[in-house]
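This structure is in structure tokens; I'll ask about it shortly.
Per-chain residue numbering starts at 1, and chain names A, B, C, D, E, F, G and H are given in the order in which the chains are listed.
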Amino acid sequence: MTNALVENYFRVDKLPHIWCPGCGHGILMRSIAKAIENLGLDKDKVCIVSGIGCSSRAPGYMDFNTLHTTHGRALAFATGVKMARPELEVIVITGDGDASAIGGNHLIHAARRNINITTIVFNNNIYGMTGGQYSPATPTGDLGTTAPYGNIDRPFDIPKLAAAAGATYVGRATAYHANLLTKLVENGIQNKGFSLIEGLSVCPTYYGRKNKKGTVVDIMKWQKETAVDTKVAAKLSPEQLEGKFLIGELKNEAEPEYTEEYQKIIDRFVKER
Amino acid sequence: MTNALVENYFRVDKLPHIWCPGCGHGILMRSIAKAIENLGLDKDKVCIVSGIGCSSRAPGYMDFNTLHTTHGRALAFATGVKMARPELEVIVITGDGDASAIGGNHLIHAARRNINITTIVFNNNIYGMTGGQYSPATPTGDLGTTAPYGNIDRPFDIPKLAAAAGATYVGRATAYHANLLTKLVENGIQNKGFSLIEGLSVCPTYYGRKNKKGTVVDIMKWQKETAVDTKVAAKLSPEQLEGKFLIGELKNEAEPEYTEEYQKIIDRFVKER
Amino acid sequence: MKKNNIKLMQGNEACVEGALAAGMRFYGGYPITPSTEIAEGSAQKLPKVGGKFIQMEDEIAGMAATIGAALTGVKAMTATSGPGFSLKQENIGYAAIAEIPCVIVNVQRHGPSTGLPTSPSQGDVMQAKWGTHGDHPVIAISPSSVKEAFDLTVRCFNLAEKYRTPVILLLDEIVGHMREGIAIPDPSELEIIDRKKPSKDDKNYLAYKVEEGEIVPAMAGFGDGHRYHVTGLVHDESGFPTNSNEIADVLCTRIMKKVEDHVDDIVAYEEFHMEDAEVVVLSYGGTARSAKSAVKKAREKGLKVGMFRPITIWPFPEKQVKEFAKNVKGIIVAELNYGQLVLEVERVVKGSADIFHIGKVDGEIITPNEILSKIEEVI
Amino acid sequence: MKKNNIKLMQGNEACVEGALAAGMRFYGGYPITPSTEIAEGSAQKLPKVGGKFIQMEDEIAGMAATIGAALTGVKAMTATSGPGFSLKQENIGYAAIAEIPCVIVNVQRHGPSTGLPTSPSQGDVMQAKWGTHGDHPVIAISPSSVKEAFDLTVRCFNLAEKYRTPVILLLDEIVGHMREGIAIPDPSELEIIDRKKPSKDDKNYLAYKVEEGEIVPAMAGFGDGHRYHVTGLVHDESGFPTNSNEIADVLCTRIMKKVEDHVDDIVAYEEFHMEDAEVVVLSYGGTARSAKSAVKKAREKGLKVGMFRPITIWPFPEKQVKEFAKNVKGIIVAELNYGQLVLEVERVVKGSADIFHIGKVDGEIITPNEILSKIEEVI
Amino acid sequence: MANQNEKKLIVKKSWCKGCGICVEFCPKNVLALNHEKVEIIDIEKCIKCGLCELRCPDFAIYLGGMEDEEK
Amino acid sequence: MANQNEKKLIVKKSWCKGCGICVEFCPKNVLALNHEKVEIIDIEKCIKCGLCELRCPDFAIYLGGMEDEEK
Amino acid sequence: MSKQMELRLTGSGGQGLILGGIILAEAAIMDGKNAIQSQSYGPEARGGASKAEVIISNEEIDFPKVQTADLLLSLTQVACDKYVDLIGQEGLLLVDSSVTVPENTNAGEVIQIPILETASEVIGKPMVANIIAIGAINALLNIVSKESLEAAVLNRVPKGTEELNKSALAEGYKLGVRR
Amino acid sequence: MSKQMELRLTGSGGQGLILGGIILAEAAIMDGKNAIQSQSYGPEARGGASKAEVIISNEEIDFPKVQTADLLLSLTQVACDKYVDLIGQEGLLLVDSSVTVPENTNAGEVIQIPILETASEVIGKPMVANIIAIGAINALLNIVSKESLEAAVLNRVPKGTEELNKSALAEGYKLGVRR
């Protein structure tokens, strides 16, 4: 017995999931299912693809065509799925490591092509699955098991990177701002082109503990207090924005979509026949 | 017998190089040597690294510590060289395919780390070495042997991508604007951090021929006419800039450099001893 | 004038034609000499039949996209050469455990690393079997002519579909770039195997359950209405990951056995003058052409020499080689590498015949005369 | 109280200690279970000795950075497990042809693909030899204890430096994650080999010329004042690319022979109760511990059983195995995979002894009793 | 969709991992943790805002339609 | 550095691949192609601007110091 | 202790049982014995039920995994249910008081002691349960010397928690006295 | 033509000799013969000296590469110098007039004809040199039927250049008449 959303969009027999108590990934996963529910998508026509990582375990629990691939390669597999069957709504769920470390190249190329895939990055600022090594999203100075003296890398701004690479819809939400995430995912799915939504997650087990950020509740409070919606931010001074980060819609532009452009080539020959 | 620049900075016995008549790569390679000469760098302390491609053959002709690696991986090898021996001036010469197709991930990560490497991308808008397939820098609509019906991919703006990923010095020149390239490379080398300079090259053999862009001379004339220096561009209207592209310095910011930050960790322990 | 329907075609072109004839409707790859013509041909021809070509950002992505496409129900292929084949290995292993049918063409060139990139080689024969980590099934097939490049590409697709496994076409630069006459068979003459799909209304579909009498599980296409999970982790019959050792054993053994138990169906080989041969030249791919020529010359000299040509390299025609080895004095393995398949021959023959090796790593191909000299030395 | 200088340590930790003792001053890698502790230990300890650790964006980059660093003259290492080992293959081939000394640790886990990522395996034994394209030399070493994880890591570095080649430490999850007592030897007790460098003022230095009496070319560090070219293409003695078939032959043969011709120096193995053994258990790495236990139990029962443990997997102790095979009834190969090194044993033994295999692909390790049963069955 | 008022706050204890998120962010202090499991301590105060459901990573607390009970 | 005026325009024919870049971009029409090799047709007009050298992909034309000739 | 001792410590992920195993093994080594410690992991490096194994012997230890445990410690019900069958006929099943002992166990002996409660109530720190447990184990089985065990504990616990852990160890010894 | 014919066409990258080889091979196939065409490449796919090989035979052709050429065509000096030694004792060395024939060649016969000049001066298109060359070759050696050769040419050249290439072929035949 569970509620309608879970009943309809999850593989209930596989629950509860393997994630740690308080892991933000569960919240984000629910927000995505909610977006799919709101849009009323046909489950048979939704394909969810992931790589490897705690985050990438999500699709296994979701009742769609689900594909758990190799580390970093979700978008490359997803590109094959989408090209071969453009009528499928292809959604990629990936981690900060999966998407931006080993998978960084596939990310920028999918963005460049503007292929109609919606990617949600569960960014917990760490490699959770392998036990807390720093990731390309770990803030400078923070600790990881492979950054015992403080991380000297500078983190990516993943949405900004995706936008520069060519993504046409880009946004950010957090585990705390779960409803916003749902809204952004809805928009991303509706965007005809490549959409990337960063969902700031929480890894209490490794990132939180290692960096003395307190419990999951403490981190979610921090998210609540530090995030500023772009719409609000527009009215604030640089000083007021100091130390804050932006959530909401960060880019929304129309550009030709990849599979549609390919279809035009095919159509040329159909006409010729 | 040849002139001083060539005599001093090239492996004269390996010349003439294998590039086709009119290949822009030779012009760009000379500009880099010129920059090194202008800066008066110690040849023993310069290391030039490349991947695979026509462009990546450059280091073989240059009289430094030169490393011709695997396709796309120049920056990853270069990162090892630079980390292990930060006193070396590490320069990467790479192609549009090498740097932004297979090597895209290493590019954005080197940029993110702001490691003191100067990368020059010989962008001829095509895979030259393998005979003219479209690259991530081939303009939409152009032809390549694998884009027989016109390329539907959108090209990267490589300098913009590098900047978004974290490069601290970014610029663009062309084979026609060879002196500008020298200046930008000088600046890039002097920048303490990751620098990327795009050098628009010319592949008359494949890109030019396939796309009916005429001879190398025609393409260089096009470069001359279409490029606008950033400084000039600042004074022009969007209409005036329509169809033009920018050359010159595109980004120049100071940020902590990677190997220096690592040295600080080492120094901590030296002090502790 | 055109007196027949024979066309002059490169091995690489014939591979594309074969793939299209077999039903390929997706190609995902990254160009590399000497396989590029396969990408180029696919780019040109696929949209004409409603298929899709995509040039990915690298070979890893090319392999991934190929698997992704195959999962939607289409027949998919990728092609590459040595360096790219190395990069594809991780995802080839994925296709093996997730049982996704697809075809990987490796047009072998000289190595290791960039080596002599335009020179021929047969240096990836062992890599085809062992390139990815962990135990996995392998089918690899090596054509010796342009005609075979066509026929065996069709066969690769058929075997991939039948056994739900990635199949490797081990071309070499010799055959890949050689132009030869080929009569493309009429589509009606070709046997084309398609993967078995579950029935539309099978509500109890378990994606990894082998039904009674079947070799592999029926495979639904993503989007066909059977929602299921695919993973590279060890998984149960539903496709969901498990840590159960029992299930791991069943799965990992089953994927090996489906090939092992059907070697007779899979293995193909050519015998030439084997009837009374005292010495056998074992050779494959482009090099087998030199071997055949050498055997002809030797026969002209009255020497009792035959040729055995494995067409499937993996599984290796173990039974056949073991059998003829009993009756011959020596086996000369001629292959364009430092000594790879010869190791398998040594293993199989168990000392019942002397084994000699002709190899080369200088970028040139082995000539008939080099083989002939060896024959004369050995006989 | 602390009565001795023995420390409790994981195999992975001992590997880091061994590397540091051997002189490792660079580590470039990407984390993956079950090798992560090697990255973590290196991250922690390298800066303390002035060395560098960098977590790269993926395994390909980790391997590349390791080679790049090695070229500047430092000793460099990377560590990974199956999926990462597959990804590193292309650049391992590069290190082989460019003759860059470095150490690659592969802590084997269950596969193929993601498999059972926390379960032990010895499924990458063949991949260690054949994983990259083209013919290339291979040295791979497999420790059976924490102490050996230390000692053999030192040995890997020594062999890498001596033979200018990438060397693979084939750990497995059993030994990598097991904690055991180990007495770390005093640095003065260790034999440490450093690469031969050209003299500072050698103006005619040819980076790939083997001097009279040497095994490999002297290797200048980038920045030391000898400017030269390094490439993965076939190259001449200066390091510059060439298409000459003669030079290709010399180079490609030389890099194979430098290992082949020194097997006796490289090969290491352990013999246990081999004197009068009628049946031999051949086993390596973590599984050899089960084998030893089984042999002890069998001996207690009065059975004439011995154990042969290859420590270097590649080159395989061919001579030794061939030799003892003549005097035994059967050889039981126990390894944690579907059947890999057993193929090499079959090849080498040429039918002079019966060969049996105990393998496993279910994620569990092989127990002494399983081996004992087999012994009793065979003897 | 069922009217909000017809909905009932339901806890699926077996799925609750006791993270405390719902407890913290419930605007009305309806919930508490007890032995690492969530508990409804003051259902009267519940305004059925659904914030607990929104943020529970384990789908262990939610506003169920009445029909749920029948199952 | 040698004074610009002391420099001499030198062509290294064996390296010239006849691309014509120097010919086209010479501001003074000093150069021409002949049988796919560059040729100096009017040295008098040369202002020693060095643009030919700058853009020759093959280092086949340059302003050499007088010392070059001695070699 | 004469023969080879095989111990299996089970519970949930955060209870520090691997550290407990390490401490026992390290103490044995200090005593001049041989010891091997190992563990099993869940998916990749994370969580769920945790199992640490220790083998201690005067002889060389070949096979590194516990075959039939001489002792099974279970701090949670899940762990107890999962591993109880792997205990030897003469083995000791030591469970926390919160755990219901399964019926029909073939353990030689079953002992139930309030480890978790002692940690949270007596010491006031739930995280020292592992130290209490190893104290109790050593009291019951006398595997290693008291001095070595204390030294090993102090060697492995975070700086500043030495006294706390000493008390925990002492409480463990108390709980392990056969009543 | 009765026995197996082995031809090697050499020159520089852009001269279209591979296409020339393809056309010869294709014509042979139209005649019902067997033919194999192959080439060598420079570094990766690009340039430098180019070599196309054609083998034509009434029998099955096994070894696909030319061993001792019955004909060596060289349009450039570099190519001639590089490949001249690989010609058979009875082989024909056919070179462009611009090429200086090396001394001591072991070719059976040497013929020099103005292929390049005819292309640029007579036809006015340097790029048809390959077609002129194969015309001359066929005139000299009579390898394939005239009809097949013309059909093969028309089959392979770009649309709109048919007439041009026909004339080139005709010029080639003229040049290939033994004088």
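The working rule: a residue touches a chain if its C-beta (ideal position, glycine included) is under 8 Å from a C-beta of that chain, and two chains touch if they have at least 3 such contacts.
If you're wondering where the values come from, they're calculated on a predicted model, not measured in any experiment.
The fewest steps needed to get from chain A to chain E, moving only between touching chains, is 1.
Under the touch definition stated at the top, chain E and chain F share no contacting partner at all. One inter-chain figure worth recording: chain A and chain G are separated by 42 Å, centre to centre, where each centre is the mean of the chain's CA atoms. Averaged C-alpha coordinates put the centre of chain A at 32 Å from the centre of chain B.
Measuring from the averaged C-alpha position of chain B to that of chain D gives a distance of 38 Å.
Multi-chain contact residues, meaning those touching two or more other chains, occur in chain C at positions 33, 36, 47, 57-58, 60, 83, 90, 94, 113-114, 117, 231-233, 241, 243. Along chain A, residues 20, 70, 101-102, 104-105, 109, 129-131, 136, 149, 153, 262, 265, 268 each make contact with two or more other chains. Those residues of chain G whose C-beta lies close enough to touch chain D in the complex are 22, 25-26, 29-32, 34-45, 61-65, 67, 147-148, 151. Interface residues of chain D facing chain G in the complex, by the touch rule stated above, are 1-4, 6-8, 33-34, 36, 117-118, 174, 177-181, 286, 289-290, 292-293, 296, 365, 367-368.
Across the interface of their complex, chain D is touched by residues 52, 70-72, 101-102, 104, 127, 129-131, 133-134, 136, 145-149, 153 of chain A. Those residues of chain A whose C-beta lies close enough to touch chain C in the complex are 11, 14, 43-45, 47, 49, 59-60, 63-70, 73, 76-85, 87-88, 105-106, 109, 262, 265-266, 268-270.
Residues of chain C touching chain A in their complex: 25-26, 28, 47-48, 50, 52, 54, 56-58, 60-61, 64-74, 76, 90-91, 94, 221-225, 227-233, 240-241.
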